[in-house]
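Below: the structure, in structure tokens.
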């Protein structure tokens, strides 16, 4: 079989860039699902919300989408913290977090999506910025800035989160909450407060991930659904809550998807993540690097 | 509480079904058939979802996928080897039942939430497959021309929509009888132990994995059955309508709002929400109508965790012991 | 005479932490064995490996001369091995009678065939409740029970499976003296009926009065096994309990 090297290398490059972006989308779910064991299936809906906020301020006021997302961080943090508070009071505290908790997040996913449809309609929306369009060429490989800039921003976000969970007291407390709530209580730290902060941080990442998404591709409200399979596949494959594992799994998925899209057509790409997820669950439920 | 045994319950349910059929035949308005078909379809879906979700406590977000599998196996058979709809219903049940078994086998040995996540992803992927599969119409969709009438043996002709309505009504009756029979059986006990505490269930001798797989299979099969006649009902099947979000949402929202612990919850939820949506789609937009369902779902799981049936039971208890 | 339970050199690790390190243990039919050890010494892990809640990595567990390795927990229950949980785990959506119906439907039926009519089932459930003194609360829900009643329900459910070997995992923690006596009497009565019992307990007075033999676990290893009076004087046991 003849493989066009040109296509192949470009697909790999695009996959690497895409993978870094996937890592940014998954970072939040690695915290909420991986560390806190909260199955927040509404996560992608918050990402899309982030996309539309970036879109709104970009189109109406000409603000750079990434800048918008950074300004929106605290708002998303508060949104996340309050969602957790409702979740805690209604489900965790009553010990009903499995069935009803899942239905709650499903409802949120749904309400957010339909809400966006009602406000913005079902058409694809996109943002405008200087770096959408031009490309950097290295040899035969071409790095569109539309992908490169989100990739760098994603890596920055990811690095910041990694520093946060490993180097700060709060970050370490979050890691601890996933392992031993009792130990935390002995240290006189309230695990509920830690979880609220962690969930806030996880939703805050959606602001940035959403802005990056709408730079990479036009967005409509139901795009988020494609990301559900993707982010959970990455999160599980990366070993639930391990930041470095998440990054590697995200890049792997990005490359495989990009190769699939190049050689079999983009309409097949969403199936890749699901295949990944099922294979992972069937053969390596502890993740790539799990024991 | 009046205790009715399974045999009597089945007879009563079938009698109610017959009365509904006779009444509809007497009224004989096409629009009414169309509208009530949708509600009956939701009764089947909600009851099917509840067999796994309500009885065992495992959430299936992929109702649309199982429904669409039933619908698309009908499209496939329509092009490949046309058979009568009752046969298609059996095929839909087999396809979706096996899919349910497979999904369960892959994910149910792991943490509970993995099953939910996998079903959520299943819808996206099956839709991708169907969009890329030209034989069943691909992204363009498939036309299935619905005959005006159906000729019964003996030369009697009946209105085709009435025939579809009759099939879906029978399925709804069958689903309700199955759900209620399970509730009162050893299997139903097994389901409830899984919902309550799987470790204790195992320790008491319940083969939890096998019991859960039975639930995913039955639940999937009923969703497939609900989907099988759908192409004939809608006439033109597109991936976006077969995988419509309203199926996933309603099959969760209806039991959750009605009440999940018994067969009556999904029935109440499906009739209430189903008729409200039939009304609302005509008067307000379908997006607003779905938004209302979503908000109601969130509201109910927070405020009334046992649904309408739970609220009524509580009221009755207070009324009896003032 | 072959042992009822024969645990041969089993090990279990969680990540880098070795929870069980080559444990051997034999229990004879009709025996009352006490299993003690400090917190985290691996007692519960051992129970979980014997009952199939966890799978051990090395070694094997034999019950009535048959290997149990690879069998799921429910299959071991069917063979005649029942346990109560340290923290009671009732089926909270069912009343007490229905709680006891579960082992009858799923274990006794599958072992002895469906020989019980609905009436038999009900009377057997009531018998079990009477045995633990909860007959008056038959139609109540588990959430209405006190701590000690919950422990009794837990034991009744385990006994409902008609086991040959019953493992009572800390059935007395947090109970008062008279409540402990209640449970002790109950376990003695079960033993008189021919049920072999392993009692895992922290309360030394209870273990000493109950056990015919005592085994001691310390950080995943068995350090002593013998007559209770001898074991408590064993210097290694004394060190494990007092030294840390």
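As written, the chains take the letters A, B and C, and residue 1 is the first residue of each chain.
We take it that a residue touches a chain if its C-beta (ideal position, glycine included) is under 8 Å from a C-beta of that chain, and two chains touch if they have at least 3 such contacts.
Computed from a predicted structure; not experimentally measured.
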Touch-based graph of the chains, sorted into line, ring, star, complete or other: line
Longest centre-to-centre distance from chain C, chain (CA-based): A
Where chain A and chain C are represented by their mean Cα positions, the distance between them in whole Å: 46
Between chain B and chain A, distance of the C-alpha-averaged centres to the nearest whole Å: 32
Sites on chain C at which at least two other chains make contact: none
Chain B, residues touching no fewer than two other chains: 195
In the complex with chain A, residue positions of chain B that touch it: 53, 57, 59, 61, 106-107, 110, 112-114, 116-118, 120-125, 127-129, 131-132, 139, 195, 245, 249, 252-253, 256, 260, 287-288, 290-291, 293-295, 297-298, 301-302, 305
Contact set on chain B toward chain C in their complex: 186, 189-190, 192-193, 195-197, 199-209, 261
Touch list for chain C against partner chain B, complex: 51-53, 72-75, 77-78, 82-83, 85, 89-94, 98, 101-103, 105-107, 109-110, 157-158, 160-161
Chain B partner contacts - residues on chain A that touch it in the complex: 33, 39, 41, 86, 90-91, 94, 96, 98-100, 102-104, 106-108, 110-111, 113-115, 117-118, 222, 225-226, 228-229, 232-233, 236, 265, 267-268, 270-271, 273-275, 277-278, 281-282, 285
